[in-house]
Every structure is written in C-alpha cells, then in structure tokens.
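What follows is a group of structures, each given as structure tokens.
Two complexes, one shared chain (chain A), two partners (chain B, chain C).
Then we have the complex of A and B:
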C-alpha cells in the first residue's frame, strides 16, 4: 500500500515539483497576486467549477465533438493507411497531400468551415477529424510497411483472399503502430475542440474558458486550463486501457 | 498413370533481378522433378538463390521464365496446394496456438466442429495439444516450429515447401526436430521440397539431395540417399553417412574455388 503511494509520487514527481515551485513563487510574491495566484485558490475555483451543472453540460458537448471527430478520423485513417501500404498508386496519390497538408495550420480553415457548416458541432467535428487524420494515417502506413512480410505470405499460402488478409492479418499486425497514431491524435482532438469553441461557440468547455477569462480573474482561467489537462489525461489513459486489451500479445 | 506424375515439376526456371541498370541472373534454367511422396532437399552455398527458388515454387516471388507445376497444374501465385513453412516462425503472434493452426481451415470455410477435430489431430501429432491456449511468444523456438508444421499440415496441401525451417534453432533442438519431422512426414506421406544450408540435415532427412551451384543457381549434382527408414540419430556416425556428407561438402567447396566472375554473372536485357 505504502509502496503504491511512493510509486505514484515518483511517477508524478515532476508535476509535484512544478506545483511546489509555483506555490513558492506565489508565496514570495515577486509577481502580483492577480497574475500569479496561489494554487490553493486555483483548486478552490476548480472545485466550484466541477460541482456546477453548467460545467458538465459544457463538458459533455465538448466530449461529443472530440469523440465523434476522433472516431471518424480513426475509421477513415486506419483503412487508408493500410491500403496505402498495399497499393502503390494510392500511396503516390496521398503522400504529397500528407507532406504539404501536415505543416499547414488547419485551424486557419475553421472560418471557412463555419461558413459552410455553421457554428454548431458540424464544423468543429470536421476540423477535429481533419486534424486527427494526419497522425493516424502516417502511423498506420509506416506501421503496415514494417509488418513482417511472412505474416502476409503465410496468409496467402493458406488461401486467404486480399480482403481476409487485409482485415484478419494486416490490421491486427499493425495495431501497435495504429495505437501510436491514436495516442498522438486524441490530445489534438481535445485541443482543436477547445480552440474552435473559444473562437466561436455558445457552449462547450472552450466557450466556458473564454467566458471565465473575460472576468479577468486568473484563478478562473487557470482552474479551467487545469481541468482541460485532466480531461486530456483521462482520454489518453482510456486509450491506453483499450490498447492493453487489444495488444495483449506483445 | 496418375502415380507417375511428379508432385512438383519445374521446367527451365529462370529468375533475373533488375537492380538499377543491371540485370542479375539469380537462377539459370533449373529443371527438377519431385516424385510423389518423396523427401527432396536442396543444398547450396548461402546466397545461391535456393530460398528464392523455393519462394518462386510457393508463388510468393514472380519468376522470369519457365514453368512450375503441382500435380500437373501450373501455378502462378500462392495457394493452399503448397504448404509453406518458413525459417522464422510466421505464426500470428496475436493468436494462440489453436487459433493459429485453425486459421487456414477457417479461411477455406471448414465448419467449426470439423476444424476442431483436425486441429486437435495435428497438435497431438506434433505433441503440443497441451499448449493449445498458449501464445507463440510463450513457446520455445522448437515448439513454435512444431506449431508451424501443424499449421501447414492442417490445411492438407499437396506438397510441403520448407525454407530452412530449423535454421534458427540451436544444434540439439535441431537434431530433435529432424527426428520429429521424419516421424511426422512418414505419417503424413507428403511430398517435401526442403531447403537447407546444413549438409548433414539434408542427408539425414532426404531421399534425394540436390546440390545447387553458387549464383546463378544451377544444379551441380543430384544424389539419391539410400538409407532405410525410420532413420535415427546414430546414422550420423555411420561411414556411409560420412561419405555422402563429404561428397556434398566437396561439391560445395569446389564451388567456392571457382573464379569470382562466375558468382556474379551479369546479363544484359
């Protein structure tokens, strides 16, 4: 029991040290308290936010956008990455779009998407999907390219057609790389959801963040940012949990 | 009439690799028959193209010219009429032993109850039925290759193609596997084309040993091995075994002393 506590402390030591340093700076008072409040008052506000119904309403809307956008990206990106590894023409077609599209700040397209789809969930989900596609497609493609070719040969040898080979051999053999892509994509999904809600929305935790920051009380902003961090952490951990169910054989 | 037809018939098989502007001849017009029910090995210096040869027979690599027939039927691509066993274990790491062996049957639409019966039979044949729920990563190298053998036998191919299946095993496990393979082979009655760089392994297991030359691969000599079966490991110590071994060793080493130009022949076209 004690060992477990110690292990947790060791695992999150950097965060503890960060909090400690923060408290020291806040206590010494080198910066005005309005800009650099004590973490205790931040946590106080955080608790107030968490118990309010409005936060949970906003969170559920944001989560809906994050998860739908992310799942669409996974449903499109994984098969696309796998097919690119099998069909050269598709790879030649898609690779340039990846290399040019990846460095573009896609959030710049958001106003256009709003113009087409409105300020509701549609435009936000589309942008989240677009953002998540890149790491998912790229990880899946390179993972599939590195799959032991004997798995593919063996399946063909046993009489598997292309479709069987694709879904029953190539897909499971690529799952470790696919999860690497998904792990990179899920925080992006949350960031884009919050960002687009900050730009134009009347609901969601991004909207709540903007609303709270307009009060010019730093505790509110910091508490909300901290909460978003915790939500991101829970999303990633859930994905880890699913990954361990899937890749029990590694 | 049907009994006279060879299990595998290869005519004028040729393989040219194109790398950049150069075409490299890997296999030069090899013709070969594997009689029904016989165990035939190919030995040759490493890099001579014997694995490539087997991969072409398996349909995994495209040939440049020539024909490959299995029981008279010409083949172009991989198929379950030729059971291929690879050097490394090509078992699916995400499936347990049972499901690995059952998968080929599942793909070919064998009903579930029948699948279980067949898998049980072959896992018992390779003495691994107790390990049916293990993952490949939980088995030793020798056990993994026994599962691979059961997997290949399970879908009942016309012929077995084996690409240095014991190449990654330690010397002792290797000898055990040779005895095991002989036992399983004599029960299954399959025709086998076996590729190895280990001369003794070839002599111990085979009815016939085919010696390949270095690149480009051609047949140097065909040697019939006349030992009774079943053979046991004490055969290794017999003088006749030594004679076979030394003869093949000489053939392979003459090869080494040939001028360098012949091992890297370049053709245009």
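Then we have the complex of A and C:
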C-alpha cells in the first residue's frame, strides 16, 4: 500500500515540483499576490465557479458548438476520405484543394464568417467544422489506402457486392485510422471554440474567460483556465472510451 | 504527378474565383462579400503604399521568433526526454497535464503578467507550438531502432556522438512531422494573439481587426489572403528544407 503511494509520488513528481515551486514563488511574494496567487486560492475559486449556474450555461453552449461542429466534420470527412480512396476521379479533384488548404491558417476567416453568419453559434460551428475536416479527411484517406488488398480481394472472391464490401471490410479496416483523425480533431474543436468565443461572443466558456480576466483578478482567470483544461481532458478521454468500444480487437 | 496536381489546383482556384466574381458581378451575393478583383485591388493598394510591409514584418517577426525558439527548445528537450528515461519520466506527467489545455486560454494571464507586448505574443506562440514538436521528437527517439544505437556504441561512439550522429538524424523525419504541425499553429496563434486585445500596433491581425471596425471587408479579405499566402509559402519552405535534409527518406510528405 505504502509502496504504491510512493510509486505514484515518484511518477508524478514533476507535477509536485511544479506545484511546490509555484507555492514558494507565491509565498515569498516576488510578484504581487494579485498577479501570482497561491494555487490553493485558485482551487477555492474553481469550486466556486463550478457550483455556479453561469458556468454550466456557458459550458453547455460551448459544448453544443464543439460537438455539432465536430459531428458535421466527421459526417462529411469520413465518407469523403473513404470515397477518395475508392474513386480516383474524386481524389484528383479534392487532393489539390486539401494540400493547398492544409497549411493555410483557416482561423483568419473567422471575422469574415461573423460578417456572413452573425456573432452567434453559426460562425463558430462552421469554423470548427472547417478546421476539423482536414485531419479527419486526411487520416481516413490514408487509412483506407493502407487497407490490406488481400482482405478486399478475399471478400470479392467470396462474392461480396460493393455495399457489403464497404460495410464489412473497408469500413472496419479503416476504423483505427478514422479514430486517429477524430482524436486529432477533438482538441482542435475545443481550441477553436474557445478562441472564437474569446474574439467575439456573448456566451460560452471562452467568453466567460475574457469576462473574468477583465476584472484583473488572476485567481479567477487561472481557475477558468484549469476548468477549460479539465473539459479538454474529459473530451479526449471520452473519445478514447468510444474508440475502445468500437475497436475491441486492438 | 506533382505537375498534374499543380495544374488541377490552379484550375480549381481559377474556377472558384470566376464563380465568385460572376456572383458578385450580377449581385447575387451581398456586397460585403466583395469580389476577387476588388480584393486584388485592395491587396495592390496595401503593397503600393508599403503599409503591408510593416504589418507583415511585425507578424512574421513574432511568429518566426516563436518558431525558432520552438525548434531549439522543442527538439532539444524532446531528444533528451526521449533518450534519457529519467528525464522522460520526469517530464511526462506534466506534459500530459498541460497538453490538453487550449493554450490560447493562457493569453489573458500572460497579458496581465507581461503586458500587451510582443513578449506575450511570442510566448503564447511558443507555448502552443512547443507541444507538437516536443511530443513528436520524444516519440520519434523512443521508436528508434535499438540496433542502430547498439551498432554505434559498439563502434565506440561517445554519448555526445551518439546523440548527434545517430539519434538526431534517425529522428529527423518525425521531427519534421512535428515541426509542420507547429508551423501551422504558429500562424494560427499569430493571428489570434493579434486579434484578441487592443487594436494598436502593427500586424496582419490588427489590420483585419481595424478593417472590421470600419466595415472594410475588402481589406479584411486582402489581409486574410496575405496570411494564407504566408502560411502556404512557409509550409512549402519547410517541405523544401525537409526534402533537402532527408534525401534518404523515401516517405516524403
């Protein structure tokens, strides 16, 4: 029992060191307390924020944007990637667009999207979709290209028609690659949601962050950053959970 | 293959531009969506007046400063963390804890600590772009073939030679994968750190913000086009450098 605790402490020592250093700096008072609060007071504020209704309202709005944007990107990206791997014509049409669009910072389009779709959820969801589409399409495409030809030949040999081959062979064999793309996309979705809410919004956790920071009380801001980090962690691990359910053979 | 790709890409862009121009000409889309000719005129105006040079210079200074620091610290720390188990084990939990936080959320904190200066912007660019490079480098070192290390050790390579002559070149493909992601993030953060906060100083983000305030969508589109071109050019430069350095790596991006 004691050994387990010691092992845990040794494993997570860097977090402890970070925590201690932070507390020492805060305690010695090199920086004014308003700028560099002790982490204990940050946790106190964090609990206060978590029990407030405002936080949950904002969180649900941000989650709505993240999840809708992400799902649209997945619903468009996965079939597109799969079809690109099967139909050469589509591939030659889409591939150049992808390789040109990939290095371009698409976030820069946001102010223009606000002009078109307004300041509400529409512009944010569209930008999230746009940003998530790239990793999903690219990794689905490469995953589908790498499906072992023997599997396809074998299924064709055993008389599978196109539809059956797609559902029973191609899709399951590509699932791991699809999830790689989705796992890359979900943090992006949250980043874009928070970012766009910080730039211009009247609701959402990004807005709450900016709102709290305008009071210049650093405890509030740090607590909010921690909360956003926790949300990101939960999002990623719930996707991992779904992945383990789907890809049971790995 | 590549030539054909370029041709198709050029045709596609031209078709989209013509479509846009046509829609704007017959006023089928609202006027704030501008049109390619108006945007090109706005771009030309910005270039002619020299205004763009100060904006682009300021933006590039921030993003490239951040990116160079990422190359040095990210790759260096990544190799150390991947090669020395002790260092790796020490850093892993804290990296895993900070990685999922959208780093842009730290911007308000940094703004209070360092003011609305270039320091803040470069720091946020560095913080965001650091992680992909670090993680890719670390995992690259860890997935190196043990045989190569043994061979080098057997032939009497010192610790430093081992790192410099075997581990670093062996990880280079992975490092470039990480750097490419980081470079993209650099530009995203350049734009974001300029557009969040006050609208003074120089930079492409400020240009967009100021144009937004006065409703000049043509300038906004022009600035977006400049950012897009910069992002594209620097990505191509990175790929060129990669293919120069990694002529032995068949799996080229």
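The criterion applied here is as follows: the second predicted complex is superposed on the first by the 233 of 250 C-alpha atoms of A that agree within 3 Å, B and C clash if a C-alpha of one lies under 4 Å from a C-alpha of the other, contacts with A are read in each partner's own complex, and residues count from 1 in each chain.
In this text, contacts are C-beta pairs under 8 Å (C-beta built on N, C-alpha and C of every residue); 3 or more make two chains touch, one makes a residue touch a chain.
A quick note: this is a predicted structure, and the numbers were derived from the prediction, not measured.
Chemist: Applying the touch criterion given at the start, work out whether A:122 contacts chain B, chain C, both or neither, answering first, second, both or neither.
Modeler: neither
Chemist: Identify the partner contact of A:111: answer first if only chain B is touched, second if only chain C is, both if each is, neither if none is.
Modeler: The answer is second: A:111 touches chain C but not chain B.
Chemist: Please tell me which partner, chain B or chain C, touches more residues of chain A.
Modeler: C
Chemist: On the A-aligned overlay, A:44 touches which partner chain: chain B = first, chain C = second, or both, or neither?
Modeler: Neither partner.
Chemist: Check the residue A:79 against both partner chains and state whether it touches chain B (first), chain C (second), both, or neither.
Modeler: A:79 contacts neither chain B nor chain C.
Chemist: Applying the document's definition of touch, where does A:169 land relative to chain B and chain C: first, second, both, or neither?
Modeler: The answer is first: A:169 touches chain B but not chain C.
Chemist: Show me the chain A residues, by the header's touch rule, that chain B contacts in one structure and chain C contacts in the other.
Modeler: none
Chemist: Touching chain B in the complex: which residues of chain A?
Modeler: So the residues of chain A touching chain B come out as 148, 150-151, 153-160, 164, 168-169, 172-173, 175, 247, 249-250.
Chemist: Give the list of chain C residues in touch with chain A in this complex.
Modeler: 4-6, 8-9, 12-13, 32-33, 89-94, 97-98, 100-109, 111-113, 183-184, 187-188, 190-192, 195-196, 204, 208-209, 212, 217, 220-221, 223-224, 227-228, 231-232, 234-236
Chemist: State the interface residues of chain B toward chain A in the complex, per the touch definition above.
Modeler: Residues 58-60, 77-80, 82-84, 86, 88, 90, 92-94, 103-104, 107-108, 135, 137, 151, 155.
Chemist: Give every residue of chain A touching chain C within the complex, in rising order.
Modeler: The touching residues are 11-15, 18, 35, 92-93, 95-97, 99-100, 102-105, 107-109, 111-112, 115-116, 187, 190-191, 194-195, 198-199, 206, 209-210, 213, 216, 218, 221-222, 224-225, 228-229, 232-233, 236.
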